[in-house]
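First chain written, first letter: the chains are A, B, C and D, and each begins at residue 1.
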Amino acid sequence: MLTVSGLTTEFRTRVSGVRAIEDISFDVPQGVAVGLVGETGSGKSVTIRSILGLLPATGKVIGGSAEFDGVDLIRANRSQLRSIRGRRIGFVAQNPFGSLNPILSIEKQFANVIRAHRTMSKADVRAVALERLESVQVRGPERVLRGYAHELSGGMAQRVVIALAMLHDPPLVIADEPTTALDVTVQRQILDLIDGQISAGNRSLLLVTHDLGVVAQYCQRVVVMKSGSVVETGAVADVFGDPRHPYTKQLLAAVPPAPWSRAAKEVTGA
Amino acid sequence: MTTLVAPEARRSWAKRHPALRYALVRVAIVPISLFVLGSVSFVLVFFIPGNPAVTILGDFATPEQVARVNAQLGLDQPLWDRYLTYWSHLLQGDLGTSFFTNEPVLSDIGKFLPNTIELILLSLLIAVGLGLLIGVTGAYFARRWPDRLLGGVTSALQSVPDFFLALVGIYVFFFLLGWAPAPIGRLPIDAGTDHPPFLIFGSLFRGDFSTFGAALGHAALPVLALGLVYSAYFAKTARGSMGTALTTPQVEFARACGLRERTVVRYAFLASRTTVITYIAILFGSLLGGASIVERVFNWRGMGQWALEGVLKVDVPVIQGFVITAGLMTLTLFLLLDLVVLALDPRVSYE
Amino acid sequence: MSERASEPSVPSLMELTDIRQVFRRGGKEVHAVNGVSLSVGAGETVAVIGESGSGKSTLGRIALGLITPSAGTVTFDGTALGSLSKAALRGIRSRMQVVFQEPYESLNPRIRVGDIVEEPLIIHRPGMSKAERRTKVMAMLERVGLSPEHAERYPRNLSGGQQQRIGIARAVITEPELVVLDEPTSSLDVSVRARVLDLLRDLQREHGNSYIFISHDLATVGLISDRVAVMYLGQIVEQGPTAEVLGNPKHPYTRALLSATLSTVVGEKREHVPLRGEIPNPSSAPVACVLSGRCPIEIDECSTGPVAPRRVADRHDVACLRVDRVDDLIAVGEPE
Amino acid sequence: MSETLTTRRASLRLFVRANPGIAVGGGMLALMLLAAFFAPLPYGPTTPDPASVLQEPSGTHIFGTDANGFDVFSRVIAAGQRDLPLALIGTLASLILGLLIGLPLSTKSPWSERLMRALDAFQSFPLIVLSVTIVSLTGNNIQNIVYAIVIINGPRFIRLIRGEALSIRDGRFIEAAIATGARPRRIVFRHVMPNVVDVCLVQCSLTAANAVIVIAALNFLGVGVSPPDPTWGSMVQVGAQGISTGQWWVAIWPGVAIFIAIASLNILANGIQRRVEGS
């Protein structure tokens, strides 16, 4: 589905270039959820932004390719890229309030995303938007549609973002830490929602996260990154069950044991 | 029964429409500001050293002459009386008469203010149009060559005083090339200085195209001088706010959804709209006085030039009249600004 | 007050009694903290757990005397903070310190690391000579795992973990009896997080100080705390010894928080305790159980009035009418 | 000895490469100041030569002469002695005013908010006209132009310093300092002040640029001028009469000097801004 190979990106500073990621390669097969994990500065964000052509002005991909649908996204021209983004690849960002336009009504934003890829009457836009909002379990979709982003709670806003990202039923969804900005008790709802949407359409998911638990429970494959390089790739069960790279081992060891297991041990021991 | 219900209903109304309530409060403040403005302009006179009568009559006036003029001006009255008289005149729309020309200040303002407003509006048109173009283009091509080039242009324009740019314009376009008319007013010298207010807009509206053309030709240089210099300030603001807006996650998400670049830029512009509109209001305010020197260079006969000449001669009623008019205009402008911002941004909720 | 808040098993150092904090925001009253009582024993670590908006950080600032509560008293080592003059309060600050969540933001970017760590000594140890202070600073830097050369650097030239070590060094250099840790590891990566927690534990072992550990992460709390208080909407809904609360949680909200932590063991999917909707604004004084409206097992009685805590086990208090039926939660299906 | 010199030279080169704006802007400014005070002038700037009036630029008078027979080149250079220090003093005065008023007002109390609104109202007023009034009333000499510069730029400093200090006071490290037990005075001087330096530096060079414009504008209007002392603004004014009849050199050369002075200050401001953002 998506094949990334040898991806290398540099950031220009005043004096020289700084390599942010180097020689990144991995696959996202059809119908598979891939977790891209790493700590701060490991280059997860730069990797997906290189793939989607969303690097800031100072960043530049200097090597490698990202093959999707038979098109190399790195070398694709602007209009090719535009017709893929949103239609063939959906993107869910970290902070829902950052993602939504604060000044346009939610309905207008649905209309813009729909009309980016097909023509549709105003009534149809409304019908599609309502249906989509219902499918992501937004309560009171009519009211939400009429309203603005700031009137929503964090979880609801992220549901709206997911609905927008999946409006055109893209076969691949890239999610960048989609629950980090949300309250703890809401995070799993959103993960379950994304998971449900992905498996319902037999889609692929590239899930960027720093939470190994999320990868263990929601992904089938994992790519571990460290300071701009991939250190380990494989099936989640294999990598987490028997990590090969010392960094992966270290990462897994650093995760505190689940609170219930430790506490339960102490209770029974006492 | 109804009297019991009414306050409750009103409170809930205010709760449901905080924006409307804010707007009403904002409008209600205006009379207070006006009172402060009027009083400030009265007090201003006491900071002026010396005796206005001496200023009028010259240093060699006899004490009797001074006393007579003082009585004429009402300056022999107690302060409190003068303050009340001042307000009663002001409320009747009487701003006094010039010490030197004996013209009623109000009629002077009626004559000169429209000229200034035309100059400011046309200059703003250039400044905003060009400034937005430069700023948005620069922000879009951030840190690439168009941005660097336009940044250089902006810095250069910002480094020229408007009156100097006007002089260079006169030399090049009037003296060397002969494209522009002589800098002697709003119309050719044989048309005299008596013309209806709002010369350009008025003649266009009436369909008097020969006057319109002549007036526009005379306006070209002053408008360009002001418009170019102020466009630099505008470009800098637009570049800054658009530059920030274009790097927000919101714009990234819009791109990731496959929106056209045109729509993406529009998203960013929506986000920086308030800054841009605020800056237009600020520029209008500063042009009100800032245009005065250029007006003088072109003998534009605008309010700025009139006030400047009044100031240089210590013509107290003229200074007061200018303070009140300019204050009134900026007050109105900022009121409008606040209301426009309120109407444009769904997030603004004033509590 | 026979049913007093769950008490420590050691002599008490800090006593928070019926703390209330009301902010006025846009003409509305916001009850950030709503009748919280908590005591911290000497040498003890008490964790305050909650989501953003639960009032836990406000509670931490009240404990430090950075905010004066609208009602209730804070007693530190027998002295009520409210009775102290400004100068006396400043003086007592050498005995209670704070470490914030954002390591970089809590360090002045214009001051060298060595001077940052030295500042509490300048303020609280006027008798100390410059040389003595420097020696102590260097020793402290080494103690938190940094080298003397770091003293000459500015905060921005350090990693997040190193910055947080500076924050900790500044907090403990006057050997305070109480340190409030406001999400000290939340913004750190997991590998760094573990080492910072180790450091905090070691320091406590050496100095015997108390911690109030504010966090939203139950897994971290399980590693470091002796007792846990779970906060929701300005109230403590459950508190008790860590092993009790995490191993035998009785409040639906605690269960929901626990189920939000995902295991890294593939296939070990814990039950999901879903709450409806999201944490509301704490805008009005409670007329019901704080969780009513979101709780999957609520009954009509839950919305008739505030729910007082009840003792369910040794030093384990829970504010829930449905304590007996909390195990039903697992049976409740997917959200909404 | 020579070794330290070469290392110093090398570090200077490094600084110039990393901060081209500061180097170019600062260099140009220094050059102008040096020229104004120390350059040997071909003619006395205030000694007219009645024999050569309104002469075009030539080998003898490279910038030409004006209607009074003054050598334009000598006057343009010498005018820097008045314009530039005055601009810098005005900037310094505005900065001090901004610190004195802005820092104490950096609270969220309703009073300081109200004062800021009043300041907004004051700023939206045509200040150039006000400053002409004030300079002509306080005694029409060039030193009093400092008042004009402060009236126009002081409010900007107050607003800037207050806003910056307010956001710094909101910062975590201030809360940390309070929690450490620092006194209010220590917080202002040790924690707030050092953090407003950056924005003040940028604003200072922008203000100096604006001050050059203000001085030129007032002198152009004949305010604050004591003939025959040269200032750029009054030279432009003298030349303005000849501009429509083709005697461009009298007005253009001092105008170019104004342009270069302002441009170098703007370049300097941009350079400082870059450096501040980069750090």
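Following the convention adopted for this analysis, contacts are C-beta pairs under 8 Å (C-beta built on N, C-alpha and C of every residue); 3 or more make two chains touch, one makes a residue touch a chain.
None of the values given here were measured: they were computed from a predicted structure.
A.B. asks: Among the remaining chains, which ones contact both chain A and chain D?
C.D. replies: For chain A paired with chain D, the chains in contact with each are B, C, in label order.
A.B. asks: Between B-D and A-B, which chain pair shares more contacting C-beta pairs?
C.D. replies: B-D
A.B. asks: What is the distance in Å between the mean C-alpha positions of chain B and chain C?
C.D. replies: Those two chain centres are 55 Å apart.
A.B. asks: Can you compute the centre-to-centre distance for chain B and chain D, using the mean CA position of each chain? Integer Å is fine.
C.D. replies: Result: the chain centres lie 25 Å from each other.
A.B. asks: For chain A versus chain B, what separation do you get between their C-alpha means, in angstrom?
C.D. replies: Comparing mean C-alpha positions, chain B is 50 Å from chain A.
A.B. asks: Taking the mean of the C-alpha atoms as each chain's centre, how many Å separate chain A from chain C?
C.D. replies: Chain A and chain C have C-alpha centres separated by 31 Å.
A.B. asks: If we count contacts the way the header does, which residues on chain B are in touch with chain D in the complex?
C.D. replies: Where chain B meets chain D, its residues are 33, 47-49, 155-156, 158-161, 163-164, 167-168, 170-171, 174-175, 182-183, 282, 285-286, 288-290, 292-293, 296-297, 304, 307-308, 311-312, 314, 319, 322-323, 326-327, 330-331, 333-334.
A.B. asks: Using the touch rule from the top, collect the residues of chain D that touch chain B in their complex.
C.D. replies: 120-121, 124-130, 132-133, 136-137, 209, 213, 216-217, 220-223, 236, 239-240, 243-246, 248, 251-252, 255, 258-259, 262-263, 266-267, 270
A.B. asks: Tell me, which parts of chain A touch chain C in their complex?
C.D. replies: Those in contact with chain C are residues 39-40, 137, 139, 153-156, 183-189, 192, 210-217, 236-237, 240-241, 250-252, 254-260, 262-264, 266-267, 270.
A.B. asks: So in the complex, the part of chain D that touches chain C is made up of which residues?
C.D. replies: 171-173, 175-183, 186, 190-191, 194-195, 197, 279
A.B. asks: Where on chain C is chain A touching in the complex?
C.D. replies: 51-53, 160, 189-194, 216-223, 242-248, 253, 256-270, 272, 274-275, 277-279, 334-336
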